[in-house]
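Heads up: the structure comes next, in structure tokens.
Chain naming follows the written order as A, B, C and D, and within any one chain the residues start at number 1.
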Amino acid sequence: MSYTLKIWKDFKNYQSTCYRNYAYASEGLRCMGSTWSPLAPLKGLGDDVYIIGGEPHAASTAGTFPEEAREDIVAAEVAGLGFHSCSYLKLFVGEVVRDQIGITDGTIKEGYPRPDLIWTTHLCNLHSKWYQEVSRRLGGVPLYPIDMIGGGDAEKDPKIVNYVCDQMEEGIDWLERITGREFSDERFIKATRNEIKVLVLWGNVCALNMHAPAPLDERRLIALFPPAMVDRTTDAAVQLYERLLEEVRHMVETGESVVPYQRFRIVYFGLAHTYGHPEIARILRDAGAEIVASVYTFGTAGNFRGFVDKQWSWKPIDPAWVDGLDLSTRRDALTALAKIVLGWPTWQGVRSYWALEQMARAMVAEFNADGLLLAPTRSCETDFRNGYIAMQRIFKNELPTIEYDTETVDVRKMDIPGSKRKTELFVHLMEAHKKGGA
Amino acid sequence: MNEYASINEKLDWTGAKRIVAGIDVGAVSSKALVLLDGEPYAFSQVRTQRPGESAANALNAVSRRTGLMPENIHYTVATGRGRSQVTFARETVSEIACGAAGAVRIWGPSVRTVLDAGGESCKVIHCTEKGRATSFLWNDKCAAGIGRYMETFAGLVQKKVTEIGNIALQSEQFPKLSDFCPVYAQSEALDSIRSKVPLEQVIAAYHNAMAKRLSILVGRAGLKKDLVIIGGLARNPGIIHWLESILKVSNLAPKLEWDPAMTVALGAALFAESSYRGPESRT
Amino acid sequence: MKESSEAIIEKFRRITQNTHEYAKSLKGKGRLLAGYMCTHVPEEILYAAGIIPLRILSAHESQAMTRSYIHETYCSFSHDCAYQGLQKNYDYLDLLVHSSSCIHMAEAFNVWVRFAGFQDKSFLLTFPHIIHTKRAGGIMVESYREFKQFVEKFAKRPITDDDIERAIKVYNHTRRLLKRLWAFLRHDRSPVTGSDVAAVTLAAQVMDKQECNPMLEQLIERLEAEPGKEPSGVRLMVTGGACDDLRIFDLIENLNHSTNLIFMDSCTAARYFWFEVPEDRLDKLEAIAEGYISRIPCPAKDNVPGTGEKKRFRFIQQFIEDYKPDGIVFLYQRFCSPQSMDIVALKPIIDMLGIPWTELELDTTVPVTQFGTQLEALVEIIKRVAP
Amino acid sequence: MNKEKFFAGLDAGHINTKAVIMIKEEIIGHETVPTGFDVGAAAQAALYGALQDARVSRDKLSGIGTTGIFGDMVQAPPLDVIGTVPDYVAVAKGALFFNRNSRTVIDMGGNIHKAVRYDPKGDLLDVIQNDKCADGLGIFYTTMAKAVGLSEAELSESALNATGNRSIAIQCALSAQSDAIDLMCQGVDIGDVADAVSKVIAERVADMCTYMSLTKEIVVAGKLAESQAVIKHLSRLLKEDLAVLDFPEYVGAVGAVMSCGVGK
């Protein structure tokens, strides 16, 4: 009997409310940028700060309006964007070009709401160039990119942590200049604690999937982390994730799962596509194979123990640690924030093959995986493509490993036939492996 | 169609003052077009295999049809991807300039955008009312070979390339194929055998996808009206239908009296005509 | 009898054709060699320790063997460079140095380190991904310091400030000479062709600067003495990404129409040397950082915090003003996303200036008739050709 | 004669559907027809063609084993299918049938290619399938033969006689075709173009194979295996001796029979 999450609706509502606030806010501040950035500084400007983030927005638009999404991407290409650029980016810019915005509640608002400022990060080749293009198209929106230098265990490198802190500190002056508002450290510090808390709570939820049966599947995981991406600085967000953790803990205690039939446990590296492409998920499900751990859903907006003396672990961080953090000064808060953000698994893998490999090894071991599924994203300039091919080379002889191309939101580039073929083969190889064959 | 030649019976070359030829050595087929005193007289088309030979073959096809011998031709201009191999041409001009010149000669001075949908490449050309190219966009690598892949696709569905275009008109509803890359589209089409999609729908979907890809190139270059389409794919009603509906334009269908695949060769012939008459004739 | 400019250029060209042979000749002289894949590596620090830095170049050999190491959608330059490692073509290198670069070249570096035996003889410099942050200089100095310590340990000798100052001056000299060479292209009747300048510039990236500089001086001296070549034809400027395939530049100057290649804005051409490191500063590493920040930015790192401006565009507009191109060729690696993000914003500017352009999408192979047609069509448009 | 047990193997691929008729360990008839978007009809046609070739009447068939990408779609009566196996299983069994010492088979089909490693019983040890961008290599080969006006056999022939050493893009069949045509338009000798075409196919297949340890003996199946030019380059790139199986196109179909536990 598969379990139904009680908290599901509240998550959807939280997400939609955030987008509605951004789309329809009559006053207050509209802030745009990768929500894959430290968000708390924005909240130092007040509670009436509404955020829209590139990746989560593009992803949810594609999830909510597949056909619109396809047209958005085409519109961006017609507008001259690169045929091989990030398709999250193209979908996002496509909405600007078409002067409309889709909201997760299923409505489309005519007239693209112009942001007051753009606050974002830069790590891959495109992250901040994305918003340069948006800014250009909207006639020059002030843009502050933070150089998220690093990869590997950057969060342990004081020179990098300081570099990121200094940029945020200057960023705060910039925010005051641009908005003419006074920056409240009190608000900022509160938001910082919330932000870190949510990231740690999500890490705890994910780690519970180490149990068998894993309480959550990829489809739920991909739907449950966006709120943390959209705006994780609020009390509401913290409460959501506390309640989620509670509920999933209870599932584990009672041995329940959203998909109880789990013959094979799969570790997945790639942007979640099984959500948008049930036909692939179905092949796995029919064979009782479930993705129980994935670096994208876990590590994009979640923190774990990570590197402890050069050894990676997906074990969770005790949420109480967050309450104990000393955030008495602005610099304290910035430092804590820089460390937590630099500690995101997805980023540590971007520019460090050894970190990526260690994460994969740890995930396979800690989540007791029967197979490794690698799905590099064709258009992704970050770690959702880097190193993946080499990983197949490295892991293939250790456990059943399959690799096929996928895409974030551009269905035109997905390898549906190939991924179906290879998924069937994957199941076959895991069967054989269990029997002591392949 | 391995060799084909047509002739304007109303004209007679024996009395002509100026006999010039345009040779368009394309990636898939080579065409020759002869002007008599500036009027289109004969046209031929052969497969391109060895560009030099194919160019000659195209001209010979005209000779066989008309008795007009290569030595009777006063001036020849070569164009197309294989133009450098046409040893008997007096000069060469790019298919961009020729496409613009030819299109305006056929469709008139209102033409501003020419979509040349050929066998191996697609170009979008902007031009003046006098047929001078002012800018162009060449297909990106992922949109190469749409024309030849259409032939291959016809083979896979076991139809003639001349008939699939009409079959494509039979369905408006179908599961979409990738409109990013012909190889993906081909693979997805083959995969749709499994989902038992009716063949005419697969054919329609493939045309829709390729037309979508072409329309992205047109949009990217900028659609200035009037738009006309030339090249081999312009003969394909399915492509025309979907281009019209995607780009929201009309009358893309070829003129009855004019084979759009001849347009670039006509342009080359126009260059030959003006070169033969001398610089003063240049517009 | 003095060597003619042609003879000197031929020498440079031969070096670009036989980079391994040339490098091994340096090794024969007992020099240590360090290869690097991205021009953000501070060559001065290596040079100060007596190590010759040379840029790892591709071989334009169409191969698929790297597809099982790097994803399809990485540029052909990174695939080709990775292949050179897997083929052991650079095994004579004592060291492989890289600075956090675009993701594509970073993957090529990873392949060398993981699969081509460079694990224990490689160094990755932490380098800003945004070159214009206020603190970029600061963190560069810190990582240069770490790098300097590594090099000292590797070369088993201390690197003094004087060593670095000497290296800075040698490299600045090369940069000034290259600028003087390029200056010929500004004028009508240039005594040197753009494709030759491209070849010389490429050679300079794999040469010991102490051998390179005298050759450059000689060449410039000869060229200054020579009358210009035939009046220039259509002036074409290249702007884009890495391209070490000289066949492209030769093609641009060997069309049916007379053309001159007058500028190449790319990291294998102008971006490599179009800056100087301040001399005689107290803090040498700070000076180097300042110099490298003042370069024509790589599109992947170009974003001014606060405004989001692309500084690279200022350079390009200046080059257009100074070198007066009739047409522009966007020459970029297929799959290089930072480039395409720049081109989409550059086109409107170029259009406003009324300069025709075309795009050449680079792969390992050169489709001569396609590129040739695109370029001839561009020239015809510039010359307003019509029947 | 009536005691003899006849079995049929059907391999329904993307491009072609192949049928063999076997008695014991002997292939007595075979036939290939284009799949052409009607798997059922193609299967029937291939089967009856093979039966005619074997001079065996339909009712003598004791059973049919099917495989291939659409192997599970030919179940429609009157075909009495006794078993269906995935293409990678069949090709392993088939390869073992043709060569008892083989342990790895490289299968180069019309639209996809793969390599399979197996134990002495023909059971899977490892499988690798091609990347998306490497789809359609067989189709590409056929298209290029047509483009230069040669048969596929002639294409291989002229490639083997090539004098130059030309390269074309390896990104995908599309880029390769585009480059090959570019060479043609430069007036490059057809043999050199053919060689470049064969080389690019071998490059893609060889690269895929490097993911796996290829246990000896290594054999090659699939229609592309008929191209000596491709095999020459493939063996050079893998630095391995490759044995092309007899009837390379029918390895899957034979494997389908073997997989049904018959023919023993």
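Some notes on this structure:
Here, a residue touches a chain if its C-beta (ideal position, glycine included) is under 8 Å from a C-beta of that chain, and two chains touch if they have at least 3 such contacts.
None of the values given here were measured: they were computed from a predicted structure.
The chains that touch both chain A and chain D are B, C.
For chain B, the chain with the farthest CA centroid is A.
Inter-chain spacing, taken between the CA centroids of chain A and chain C, is 36 Å. One inter-chain figure worth recording: chain A and chain B are separated by 48 Å, centre to centre, where each centre is the mean of the chain's CA atoms. Between the Cα centres of chain C and chain D there is a gap of 46 Å.
Contact of a single residue of chain B with at least two other chains is seen at positions 81-82, 84, 121, 140-142, 181, 184, 187, 190.
Of all residues in chain D, those touching 2 or more other chains are 69, 131-133, 135, 169, 171, 175, 178, 182, 185-186, 210-211, listed in ascending order. Within chain C, the positions touching two or more other chains are listed as 67-68, 72, 334, 363, 369-370. In terms of inter-chain touching, the protein chains here all touch one another pairwise.
If you check the complex, the residues on chain D that touch chain A are 69, 86, 88, 112, 123-133, 135, 210-213. Against chain A, in their complex, chain B makes its touches with residues 140, 142, 178-181, 184, 187-188, 190-191, 212, 216, 219-220. Interface of chain C with chain A (complex): residues 67-73, 100, 102-104, 106-107, 110-111, 113-115, 126-130, 133-136, 138-139, 142-143, 299-300, 303, 305-308, 310, 334-335, 337-345, 347. Put simply, chain D touches chain B in their complex at residues 14-15, 34-39, 69-70, 73, 111, 132-133, 135-136, 139, 142-143, 147-149, 169, 171-175, 177-178, 181-182, 184-187, 190. Within the complex formed with chain C, the chain B residues making contact are 81-82, 84, 92-97, 100-101, 121, 128, 130-138, 140-141, 267, 270-271, 273-274, 282-283.
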